[in-house]
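Two complexes come next, and they have one chain in common, subunit A, joined by subunit B in the first and subunit C in the second.
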Partner chain A sequence: MNSFLFLAQLGVETAAPHVEGFAYPNEQHVLWSILIVIYPYITGLVAGAFIMASLVKVFNVRALAPVYRLALLTALAFLICAPMPLLLHLGHPERCLQVMMTPHLSSPMAMFGFVYAWYIMAVLLLELWLEYRHDFVRWGQTEPGLQGALYRLLTLGARDVSPEALKFDEKLSSIVTLIGIPSAFLLHGYVGFIFGSIKANPWWGNVLMPVIFIFSAIVSGIALCVFIYTELNWFRGREVDDECLDEMGKFLFYALLLDFSIEGLDWLHRLYSADESIHVLKQLAAGKLFNTMLVGQLFCGTLIPLLLLGSTQVFRQQIPRFVRRRIYYFSALLIMAGVLLMRWNVVIGGQLFSKSLRGFTTFKFELAGQEGWLVGLTLMVLPYLILWLFLRVFLPAKYDKVGHSQGPLHSAV
Partner chain B sequence: MTSPRLPPQLLRLVLLTLAIIGTYSVARVFLTPATFGQFGHYRGAALEEAASRPPVYAGAKACDECHGDTFAQLTKARHRSVSCEACHGPNRPHVKNPDIVPAKLTDRHCVRCHLADAARPAKHRQINLTEHYPNEKCLECHVAHQPNQSK
Partner chain C sequence: MNSSCSRRRWLGWLGSGLGWLAALPAAKAAKSTVKNLLTSSGAPKGYDPTKHQWLMCIDVDRCIGCGLCVDACKIENKVSASPHYFRTWIERYLIRKPKPGQLALRGEVTVDSPNGGRDGFPPTLVPKSEILKAFYVPKLCNLCEHSPCSQACPVGATFDTPDGAVLVDPEYCIGCGFCIQACPYGCRFMNPDTHTAEKCTLCYHRITRGLKPACVEVCPTQTRIFGDLKNMTEKDPVQEFIRNNKVFTLKPNLGTEPRVLYANIDKEVR
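Right, the complex of A and B next:
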């Protein structure tokens, strides 16, 4: 047994062909791979979708009311999947509760558990419950069988639907949304902080990191809502609400513009201050990350959508509706891919160069295995499946027309 | 006059919150390991568990008992700073029962420490495999226990 272990060690002695220049032995293998790329991507979508929903509640953007529930359900479906990449990456998912039982302030993992629990229970579920309670009571009376029983159960026994009670729901819900925005920032800011706080890595250690992560999260969340809203209407054979879609397109454009500006500023600042790491970072951007960063993230994921969406802002009247719809849909897809690539560039990119700033290693993406792209793909598809289930139960086609966020609408008048 | 009453939704939420906090507190009682916090923020029993793991190394002194000649040879040569088991691997079972023979070492094993690598300290002797007698076995020229002696 021991000699077996020993022979396994002997396997690693020869020259490493995937290393260029000078790299310390412990830098030659990329340890944070696809799962750690997907994790901030998914939490970003959650935070973004929630912030998009809060536009309706807090900022009273009425045109977006048709996607209010959709956005919240989307956030929930993705939130359920958010910790999965981490659990899979660490192995031993059955031990995950331990960190919550004996938490320590110096453990970001434990704190994430609490932020996550707070966010899912005190914010998302609460907000959804308040939004849906009225309907649960109604549907519980009309729906037969199991589904009806589920609705009745979900009222938690609070069946009072008098105007005062509904008004109270609303008040509470606005408060929850207000608490929700900083919570969403916290949830996703935490992700940026994981990278931003690593001082030893010039690609990551940057106070702007949480801000950059949050803005790209908002962008990707709105894009996700555009995508899902379009798909859902197509699937249910319904006309999209163009006013709503135009409004989402507007917010998508401005959010993307902001995101682009902040990331641009970050680069300008790095280039101008030109500290000792700048050479290796430039080489990284122009070399190993050329395709994913300059072509993928910047050109396809940012500049093209900016042009497309920008044109709908400037020439809205001249562009026919159906073209606008395609533009929004297509831009949303590009943006989502761009943000995924951004996560890739941050996570993988930060591990490709040596701390000596004089060498690179290579990341090889495997097919199967714990960190393979099959697992990655499964994790990316899973939230959509969960969402599909949610939509069947909580946004059924027959209620969808009347059901969406009547709350803020009748309260606002 | 009606007394101000808690809205029913709020009552449910308060109850639910209490239930969650209650569940968490109960779960903590059962899921916190027994010896947690005995010495610090970790399981006290972890120390014993680690200590009770069977050691796999025996140490160079143990080898000296039976391989005194090799030991003497080694301590006179440049590999003196390298312990027997750094090359031969953990060998406690062999010390207890010499019939369990250590694994044979191949040539590639020298390269583990001597392959040229910019990350290694410059004073450590390193060779470039393509320049240093490629395609020949290290042990055809070098004596493992006395590397500065040639065969």
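Right, the complex of A and C next:
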């Protein structure tokens, strides 16, 4: 009692020092931290990279053929890491299989295992296998040692490379890609639904949330492909295919424009309908999220890339090739950072204000610990390491001289 | 030939339909057995949850903010002593008079809940002359008819009992925190020791043995009125509460249909 009196005399409110205004006692600490920021970011990259690849197969965009395999391998490398942040953030990771053994069907989170399994098994691995089977057979014969054995193993015994068999692969691959597009939408739209379905939280509970997540995923996935394609070519000392890069830049620009419009629509709707939560949300955007949302996500991650990419669309002929390349690369980096900040703003931002709509809490980022900087950074770097391994095994420089696979060209013919 | 085929087919359908019907009770029994195996409510043997429907009424005007209920809850349910974990807590609302010249009926609203109100409340900094009114609001699980927390739990570790309580099975909870995010009333928290979700159980271990929840038991002003909708008498305190008061629920716009009813609360209470 005395300590409260002392605080009162000092003119300090009785709330905890990290709370401004009033927050329910149980919500003074942010529960979902960096791992839940990374989870939608990574799944978004997967979905976006896959949709990027599907532009080649389904929509027959031949200019993008050089990045077809790269995009699929990128999607796989990131997909392998997608469940890790979820698993690590659980209070009881050892019970994780219960989600699949006894799923509670009314919970969107219960669907994760099934959506993930469907996507990795029925879509991505199948698509990659069909794409690579012919090469696995060839490389299995030419490559010596362990690597050759690995290729032979990966053929899964299907060594028929007759024209009929390859044609069948092509056909099946197109069907898988066709199924893959809605699956990629499902994978990430579902992540958006996890947040959008929470009516208790006005920052999350929003019908547009799955759509926003899907478009931001597409944007981040294409940006990732631009980044990795540029880096890979630089690393292998090879010229980039400018036609391909221009095409990616074009898709990146239009996807970003669409993403920006939908997020703008979301804000417009919130401001116009102005329900009881609008005051606290406005304070949130202008206060706690000013740097990450208005400066980071909106200005640096959206408006600058829009301007840069827009200029390449309008003045393509006037802008020299090497400048365009740098514009794409720089824009891709900004967009990826912007989308990561968008996930931050959704996940952390949604927990910074009290559901009483009367106050804010503060997020403290740990260095070590289960949800600290170090774990977050590791999870962000890990997919790139896996991808590096994949590129060494499945996209070796000596087989990648032409810069594109056989598959998409076949399909494009 | 056709008609015999058709008859045979009809009989086949009928047979399979009857088969399914016969299998239905068995499936239901299996489901309930699995549910019983997987979930533990802490109720004694012989307690029939279908014969009760618990609810709680809060007479806000009676609450003096003594914090005994919070203290009793912490002790009874071994809730962490930390000031960030509460199954029940008390909020103090302080509504100021409008400032001179301010065209309003009421001024600024301040809400606080130091240590959940467990130690009572310190004197307010606002001079008495500026206070329009002040009151205490006890909070607990709202016993939602359509509980968003149960809906959100990915493994069914949180579940609605037939008697209206919403419980968590700590042996089955995976600690994802989705239910905590889904609760609109901030009633859930992650137990720092077990790393599982925790919330008010209405003292399920007590009410299933004919006792009242600890917070109700210790309340010196009978602010909290505990009742059983399926066993109401004419002079039941719950009946009188409903008869004598304007009754509200918290955040009715969310459609959760709470079974915790509040009397005469101001619009500021969320």
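Assume the second predicted complex is superposed on the first by the 383 of 413 C-alpha atoms of A that agree within 3 Å, B and C clash if a C-alpha of one lies under 4 Å from a C-alpha of the other, contacts with A are read in each partner's own complex, and residues count from 1 in each chain.
Here is the rule we go by: contacts are C-beta pairs under 8 Å (C-beta built on N, C-alpha and C of every residue); 3 or more make two chains touch, one makes a residue touch a chain.
Owing to the predicted nature of the structure, the values given are computational and were not obtained by experimental measurement.
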| item | value |
| --- | --- |
| Contacts of A:M121 with subunit B and subunit C, given as first, second, both or neither | first |
| Partner chain(s) touched by A:Q313 [first = subunit B, second = subunit C, both, neither] | neither |
| Contacts of A:N201 with subunit B and subunit C, given as first, second, both or neither | second |
| Residue contacts with subunit A in the superposition, subunit B compared against subunit C | C |
| Contacts of A:A110 with subunit B and subunit C, given as first, second, both or neither | second |
| Touched partner set for A:L90, first subunit B, second subunit C, both or neither | second |
| First, second, both or neither for A:Q98, with subunit B first and subunit C second | both |
| Subunit B versus subunit C as contact partner of A:Q141, first or second or both or neither | neither |
| Touched partner set for A:P25, first subunit B, second subunit C, both or neither | both |
| Intersection of the subunit A residues that touch subunit B with those that touch subunit C | 5, 7, 13-15, 21-25, 98, 102, 104 |
| Footprint of subunit A on subunit C - complex, ascending | 38, 83-86, 89, 91, 109-116, 119-125, 139, 148, 150-156, 172-178, 180-190, 194-196, 254, 270 |
| Partner subunit B, residues of subunit A touching it in the complex | 2-3, 5-7, 9-10, 12-15, 21-25, 97-98, 101-102, 104, 121, 126, 130, 133, 156-160, 165, 168-169, 172, 359 |
| In the complex with subunit C, residue positions of subunit A that touch it | 1, 4-5, 7-8, 11, 13-16, 21-29, 31-32, 86, 89-93, 95-96, 98-99, 102-104, 106-110, 112, 194, 197-201, 204, 351, 354-358 |
| Residue ranges of subunit B touching subunit A (in the complex, touch as defined) | 7-13, 16, 20, 27-28, 31-33, 36-37, 41, 56, 89-93, 102-103, 106, 108-109, 111-112, 115, 117-119, 129 |
